[in-house]
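Shared between the two complexes below is subunit A, which pairs with subunit B and subunit C, respectively.
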Partner chain A sequence: MAYTTSQPQPGGFLSRLGFGGAARKKPAAAAEEMKRVQFTSPVLPYLFLFPQLAVIFIFFYWPSVQALSSSFYIEDPFGFGSTFVGMSNYTDALFSAEYQSIALFTAAFTIIVTFLSLSIGLLLAVKADRIIKGSSTYKTLLIAVYAIAAPVSGLIGMMFFDQHIGPFVKMMSYLGWNMQVGLNYYDTAFAMIVVAVWKQIPYNFIFFLSGLQNVPVSVREAAMIDCRSGFRRFWTVVLPLLAPTAFFLLTINVTYSLFDTFGLIDVMVKDKPANNPITLVYKVYNDGFRGNDLGGSSAQSVILMIVVFVLTIFQFRYIERRVHYN
Partner chain B sequence: MIKKLSMAAMAVAMSATSSLAATNITWWHGMGGRNGEVINEVSQKFNAAQTACALTPISKGTYEEALASGIAAFRSGEQPNILQVFDAGAATIINAKGATVAAEDLINNAGYKFDRNAFIEGVRYFYADPAGKFIGMPFNSSAPIMYINTQAFEKAGVAVPKTWEEFEAAAPKLKEAGYIAMTASQLTWQFTENFFSRQNIQFANNNNGYDSVVDTKMNLTDKNLVMMFEKLKAWSDAGYYRYYGAGWNDNQKPFEEGKVAMWIGSSGSFGGLQKTATMPFSADFLPYWKGIQGAGTNTFIGGAALFAMAGKPDAENKCVADFFQFLTSPEIQKFYHQATGYVAITEAAYELAKKEGYYEKQPVAEVGIKTLMLPSGEWSKGYRLGFYPQIRSVMEREYNKIFAGETTVQKAFETIEKEGNDLLARFAKTAG
Partner chain C sequence: MYRTRFSDHLVLIVGALFLCTPVVVAFMTSTHTAADIHMNGLSLTWGGNFIDTYEKVLTQKGGFTGEITGTSMVINSLILGVGFAVGKIVLSMLAAYAIVYFRFPMATLSFWVIFTTLLLPLEVRIMPSYQVMSELGLLNSYTGLIVPLLASATGTFYFRQFFKSVPEELLEAARIDGAGPFKFFIDILVPISRTMIAAIFIIMFVYGWNQYLWPMLMTTDERFFTLMRGIKSILQVWIGSQIPDYNEAFALAVLAMLPPVAIVVIFQSWFIKGLTESDK
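Entry: the complex of A and B
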């Protein structure tokens, strides 16, 4: 694919070796010439960009603008009548005790699921990395869970925690815990977190494992000479080298807990949330698609968009600074 | 999903072959499993019975998904001819004037004579306007009924209760015999909406919401309703009643396993229960409070109705009218009633099934119809309340809290009434 080059490094490197822009015609600079090709028409680059831009416009900007505009109205779902209500969809949501408790649960859920799935994923990756015999069996077994679709994992989780037939519930009843998923808020929350974490561990495992295998053997050996404590070596040498992977996974896991757990929650609450915990995304769906309250649901989705926006800025400004890409 | 797609494809292929000159009409519904198959069979029967119209049924998932798809399609001008809308969504579609053509007008315009009195009592008002004109065509209709584990009652040596007073007296004996006396599957429907119908108490002002959306308020702190739930809570504490959460099946399952003496479910559960119940069972009316003046009236229909969407050419509307006419014919009603367990909605279909001796073989199948045919009262016709699916969600949340001991019955109903009335006020603005 032809593209303009403005990459300083190879250019600088080549010119230092004597292949300047002027040397373009020399046969030895054939590769360089390839990179220097310009678009013949100024329209062409936009033409190449068009499919991507169209996708972003149709699937992101357009719906966002629609959501933003309908969030200021209370609207008949069929589109016959609507009342302009200013910010009241936002204030109704933000000041409702129910919305606040859902937001609180969403935050707690996101933090717990992200923390647990990252740390367990890392632990398993470190352990699997050290194994020499039968390592591929372990790895396959650990990764296999990732192939399960979210609703299916929700279904498995639901059966595991079912009030009547759930093996986990039966096990816990011997220990005196009368677990009632679907009736008791905390029991349902517990079950949701377990299933959400279980589903996400393999993903983190794969990335951490490949990250660990990218740590050069020479570095590890040098560290081995300097320090005897395995934990300290991991903490001071390996972990910093894993930081780019960990940062990437942090972003992915936060998004996962916020959004991708939707199917799982839907299955686990059997589309009747009652007093069971749900996340903000599920609330948007519940009000918009089941309750047909388009205005209220739009306002909630705009709030969610702002939250994600702020979270992304925070992650890239304050956490990524501490990450060193080598 | 694949099954759904292939079924839709099959239906399309079928209609394509049978309809060279025929007018094509589509029907979006929210039924799955056996009930979805029966819809395809009904459509095939219609297509085979005449040549002018070709009907294609398409499953859109659940009730809620069907309504959401119908709304989205209407807004982009791609609406189907017929949309199935469930009971809680009735206010949404009926208040959107211009979204539908009233079933009664449609049928009269097509040259048929629409007869409201052909329908059984409990079916007539729920999908009709305040004057009684049918907006939606009742389709799959069910009533809350009480299923009975006959062995449990024999073992305990008590009679099946007709009233809650009798239940209260029988419950300790049922418990002694080793049974949970009662479970119930959808408290919002059976013990709230139909509580008002069965005891003939006003549910909301503005004629239970039928007359207007403006300033409609619910009567959820009614002392009788609060009493009912205080009793339920007391029964739950005493071990007579067990609440397994808002999920339908969680409450049905212990009954199927024979652990429960009576289960309040839907007349439409009958078909499934025949396969899953591990013990002999029968059924009877939903009990009522004898102590409440005027109680014992009929319940209104649950389930769903078919709505003819607006904005379609006359030829297609004529076909929809033909289909509605076909659907309410006694033979088809009887077929649908027997294939699914939903009640027959016309007197003629009921008489036909009775004449054949169907209810002698299947007495349980008659209980739903008989419930709907009980004498009606001023407030037994049901309700018309906007954003009702969300109001139900609020109820489900608070009911869970009641049985988890996190709130009192009085407080729970105050919360539901407040949040519910706020939702109704919001809904009134959608019409603005």
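Entry: the complex of A and C
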């Protein structure tokens, strides 16, 4: 049965923190279901909600509205007022060659990182699912690095790709590849992708493994009888049952590649984005804080907000309908 | 039944090596001297310089003002992690309690006002957030470091799901016994949420500990630097130096990843459960 829900479910950002499951299943029916017995009080609920709402209004809505409004202005760099310029911050951003090439890199980066970390995570989960002896050791080893912060993984990655001490650079030089991470655009991009994938595999592994272990034994046994080829069995029986997990992970991995890799990229380009590949989020930061271009940075923020909205809508309107839920 | 093949183990071993080797290498290399690393590269063996390096990283004053040590960065990271986790739990439990257990006109609206925050991560609204903070005079303060990060609905969502799964009979019984909203919350709801609170505390602590972008924007005063912020400054220092302090950088990285790795390994089953289990 397919979902058709009109309510956007807060899947993506929630789950990045580790609440995937909660957002993943049966959202629509549960959303507005009430307790039969409730308190009634004219003041108390507002009192309890106040701290949360206050924080959200001051630190979420206010800045978001400000981003929107300042995206239509050009701020004087010396702080003498600002001029209304309409949509020109947006057109400046969207039509500049630099922005377009960064957008292109961001898209390529997102697609490659998502594809690799999903497929490696799935491969490891499938293998781990089959193993009974020693499975918990494997599991521990495979998820141990799950919570390492992006900048730390960037730092470690940078050492592995370091010009002097990096083993990868040495390895590649035997193969005739003169790797110059930090100087050569494509080499840096390669290193970033490796580190970003490394950091994301455990997450995908955890979810795929738990998805696989939820496939009923009866289904597996039936498939065993019907089909001898292990690969075909996986392709036609197990994979469709994993579709909801895979789909959910797809969104997570896309948002991860777009936003959570900031720390990793910042560390790996060593603060010098000069001719290194960066993502759109990095550019928002760079233009806003280094370039002091408040209007341009805000316009880019708003563009990213729109991308996030479109992704969310796409997630619920288009892909979810095609995914088989049992 | 399926018989385990050698190739299955092989794939898993390669995967585990790929994931874990960098961490082991980072730790082992941190026990060598900087010159040693510069000459011989990364290392998989014990270097014997462990105490020197870590003592230096933890106690030697560095930075531009000469006021920051590794220890003070660890403390700041702890303050951020614990402060964030506690703040998150308090705010979100109260809000979820109001939404689930009270009947009031603005309930649905409040719900959506809170849950919209899940749509826009901090990364896309950094510049205006920074401006708001500087208008409020909260730059370089623990309040500025912690409170704005609380502006999201994650914890609220989790507690809401949990409260909804609490049997109705509990409230009915409590009301028959004459318990008011406060008594019910403190004497019944908080105690039965203990495990949930502990799990959320751990997850939120790691999240706070790992924050990078926000501390980087909010703190220019080195007294407020966290470990993640320190990683950035160590990189800025070593560009241009002859023999970069690789060992110290690795030691800092090891300190920064110790709590997240330890917590994931120790509380593995909790973590997996918290991650993958749906609302009961």
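Here, the second predicted complex is superposed on the first by the 261 of 326 C-alpha atoms of A that agree within 3 Å, B and C clash if a C-alpha of one lies under 4 Å from a C-alpha of the other, contacts with A are read in each partner's own complex, and residues count from 1 in each chain.
Here is the rule we go by: contacts are C-beta pairs under 8 Å (C-beta built on N, C-alpha and C of every residue); 3 or more make two chains touch, one makes a residue touch a chain.
Everything numeric in this text was worked out from a predicted model, so none of it was measured.
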Between subunit B (first) and subunit C (second), which, if any, makes contact with A:289: first, second, both or neither? both
Classify the contacts of A:163 with the two partner chains as first (subunit B alone), second (subunit C alone), both, or neither. first
Can you tell me whether subunit B or subunit C touches more residues on subunit A? C
Touching partner for A:198 - first (subunit B), second (subunit C), both, neither: second
Thinking of the overlay built on chain A, is A:229 touched by subunit B (first), by subunit C (second), by both, or by neither? neither
Touching A:218, do we find subunit B (first), subunit C (second), both, or neither? neither
Looking at A:183, would you say it contacts subunit B, subunit C, both, or neither? Reply first, second, both or neither. first
Can A:274 be said to touch subunit B (first), subunit C (second), both, or neither? first
Touch check for A:85: first (subunit B), second (subunit C), both, or neither? first
Overlap the subunit B and subunit C contact sets on subunit A and report the shared residues. 164, 270-271, 289
List of subunit A residues in touch with subunit B within their complex: 74-83, 85, 92, 98, 163-164, 180, 182-185, 270-276, 286-287, 289-293, 296
Across the complex, what residues on subunit A touch subunit C? 8, 10, 12-14, 17-26, 30, 32-42, 44-46, 48-49, 51-53, 55-56, 58-60, 62-64, 66-67, 70, 120, 123-124, 127-128, 130-133, 138-152, 155-157, 159-160, 164-167, 170, 198, 201-202, 206-207, 210, 255, 259, 262-263, 266-267, 270-271, 281, 284-285, 288-289, 294, 297-298, 301, 304-305, 308-309, 312
Subunit A-facing residues of subunit C, complex: 2, 4, 8-9, 11-12, 15-16, 18-20, 22-23, 25-26, 29, 37-38, 41-42, 90-92, 94-95, 97-104, 106-108, 110, 113-115, 117-121, 123-132, 136, 147-148, 150-154, 156-158, 161, 164, 168, 171-172, 175, 181, 203-204, 206-207, 209-210, 212-213, 216-217, 228, 231-232, 235-236, 239, 246, 249-250, 252-253, 256-257, 260-261, 263-265, 268, 271-272, 274-279
In the complex, subunit B residues that touch subunit A: 62, 64-65, 67-68, 71, 74-75, 89, 92-93, 95-99, 243-250, 253-254, 257, 387, 389-390, 393, 396-401, 403-404, 406, 419, 426, 429-432
